[in-house]
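In this document, chain identifiers A, B, C, D, E and F correspond to the written order of the chains, with residue numbering beginning at 1 in each.
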Amino acid sequence: MSDKKKVLIINRRAPYGRSNARDSLDVALTCGVFEMPISLLFADDGVFQLLGGHQAKDIGQKNLSANLAALPMYDIDQLFVCESSLNTHGLASDQLDHNPTVVDHNAIQQLIQSHDVVLTF
Amino acid sequence: MSDKKKVLIINRRAPYGRSNARDSLDVALTCGVFEMPISLLFADDGVFQLLGGHQAKDIGQKNLSANLAALPMYDIDQLFVCESSLNTHGLASDQLDHNPTVVDHNAIQQLIQSHDVVLTF
Amino acid sequence: MALHTLNQPPGNTQCLERCLNALSDGDALLLIEDGVLATLPAHASRFDAIAANVSLFALQADLDARGLNVLKDARFTVVDDGGFVDLACEQDKVVSWY
Amino acid sequence: MALHTLNQPPGNTQCLERCLNALSDGDALLLIEDGVLATLPAHASRFDAIAANVSLFALQADLDARGLNVLKDARFTVVDDGGFVDLACEQDKVVSWY
Amino acid sequence: MKFSIIVQAAPYSCQSAETAYRFAKTLLDTGHDLHRVFFYGDGVHTGSAFASPPQDEPNIPANWQALAADHDLDLVVCIAAAVRRGVLDDTEAGRYSKSGSNLAAGFELSGLGQLADAIAQSDRVITFGA
Amino acid sequence: MKFSIIVQAAPYSCQSAETAYRFAKTLLDTGHDLHRVFFYGDGVHTGSAFASPPQDEPNIPANWQALAADHDLDLVVCIAAAVRRGVLDDTEAGRYSKSGSNLAAGFELSGLGQLADAIAQSDRVITFGA
């Protein structure tokens, strides 16, 4: 790698209904292997990826939260969650796993501007 | 065919962005070939399927409106469009091709109840 | 009478509203897949305008997958896959909102 | 500064709002595919809250396909595929909303 | 009661593909009939013999094949949707001069007339969409 | 300027698959470089050699192949996404004991590391999503 680009991955989809959440996590972990600085933002229905207590066996999938737990092993610790999305769904940040930082729309604009590459899932 | 089931097809997607509109039309025409009574309801972004003046050549697709023009040949003349969807997009029924009947939410409930099978696209 | 299924999350407002506006007296609504996210109390008011005798259901496996069993609003009856099939039999037709 | 592309129709409110809330001063927004349906004057007020120096564009081929060239709101500048590439070069990065 | 099922969702991308299978298995387990399963749109990829998911994930095409073998199911893949998406039986592979075919055993390619027939013949038609 | 493109959309179902191709062709026609195209999710079906669209519709896999031949492009199909969806090269077909392979010439199966590399090497990364 010639360059350590800072990558922001924005996760907007609910877990399980579509494969976006899992696809996104695979990209994040791979970038982590290559030691690229990664930030993850969870917004819209994507905030449900962080909610605890998933039991996905009966729908033939693996728990996403277990995979998210692997992030620190790749030094991925910059996790953000959109405040207005939490409010929309009546969720509090202490119901979420992985200790994301709560951010508003202005902070999200700053995240986009301060990273070199932005991927959306 | 043992039975002439009345089929309602609800079209909710914008044309071209996804294949739903074309897939739906193919089902409608096939049911027409088998002389099944078909009604078509256009709602939400699906109302744009009826807007005139499509020129889809540059995006590598065929004009959907030309295919819709084939419906009368299969005796499919029960076309409905959702009033609130037209209002949402600021469209008037006289901007639409194929002379759909404008219906409100109550009439849509009646359409669903009065058909034997409802398909959504 | 119809069984309506909805598999879209509440963020897909257009799909949820379309489904709710299509419900008639005696119909049943079953939330499946990402649709079960609408069982959260924060979304309860969206269901206030529907007819009183429309029954509301949510699919067990999908609630479990998303950790919503303990969080969901009480007016949704939880059904398993057998209950899904039963609902499809009890109603005259099935309308899928997706 | 970023080029934002949006390919979802205005009925996907969550995606449109998310995109609009993400725009910063100097960014550009290009509506593509079903996204161009938001160029209708009925949706103009949705764009009122964005920063004054965010430029708004819509892709020619997608407007043509949907019969919107004569209907679209005047504040959207029409670009062809070459203009799309140019916008991606002029801005530092591309953010795709879909 | 006699059901037919329309599957429009691609396996591994959309949960609907798995929900459709679970619904089919449950209705058969509880004594109902399944007249036909019609795979349409991206649902045609369910009929791919080449799908090779990891060992610890469900193999949705194989699950349908096993169910079809147990219950003599009619698994119809829309031919127009399948051919453009690269799901071919031997006949279509020959017609388009391809090196091989990939329609899984237990599935067949056929036209939308099979969907019209399913609508006419079934007590309930249920769509699993994408 | 050096671009990389991520394609997540399935041809024939999502217009994004066609938009991505048009964008790639335009940037090459106007003198820019295309470092890599990475097909991910349902976008992997773009690499199917079996896709057989009607004569009067665009053949998106063939269009990419022609563009790759003209410009020596690197068309990478995500191996994990492809294998589970039934897009196989000869090696994977052998590994899973399948009757044949269907990855189109001009495409190659590889891992997500190729996406990370594309991000590192390119001035612009643009996603065409589904």
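In the analysis below, a residue touches a chain if its C-beta (ideal position, glycine included) is under 8 Å from a C-beta of that chain, and two chains touch if they have at least 3 such contacts.
Keep in mind that what you see is a predicted model, and the values were worked out from it rather than measured.
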| query | Which chains are in contact with both subunit C and subunit E? | reply | A, B
| task | Note the rotational component of the Cα superposition from subunit E to subunit F, reported as an angle of 0 to 180 degrees in steps of 5. | result | 180
| field | subunit C and subunit D, separation of their C-alpha mean positions in angstrom | value | 34
| task | Express in whole angstrom the distance between the two chain centres, defined as the mean CA positions of subunit D and subunit E. | result | 38
| Got the subunit A residues that touch at least 2 other chains? | 16-19, 44-45, 59, 61, 117, 120
| message | Where in subunit D do residues touch two or more of the other chains? | response | 7, 11, 14, 33-34, 61, 93-94, 96, 98
| query | In subunit E, which residues are in touch with two or more of the other chains? | reply | 12-13, 15, 19, 22, 41, 57, 81, 125, 127, 129-130
| field | All touching chain pairs, where touch follows the definition stated at the start | value | A-C, A-D, A-E, A-F, B-C, B-D, B-E, B-F, C-D, C-E, D-F, E-F
| message | Help me check something: in the complex, which residues belonging to subunit E touch subunit A? | response | 12-15, 18-19, 22, 56-58
| query | For subunit F, which residues count as touching subunit E in their complex? | reply | 10-13, 41-42, 45, 48-54, 57, 61, 81, 83-88, 92-93, 95-96, 98-102, 130
| query | Once bound in the complex, which stretches of subunit A touch subunit F? | reply | 1-5, 7, 19-20, 23, 26-27, 30-31, 33-34, 36, 117, 119-120
| message | Can you tell me which positions in subunit D touch subunit C when the two form their complex? | response | 11-14
| task | Would you tell me which residues of subunit A are touching subunit E in their complex? | result | 16-19, 59-62
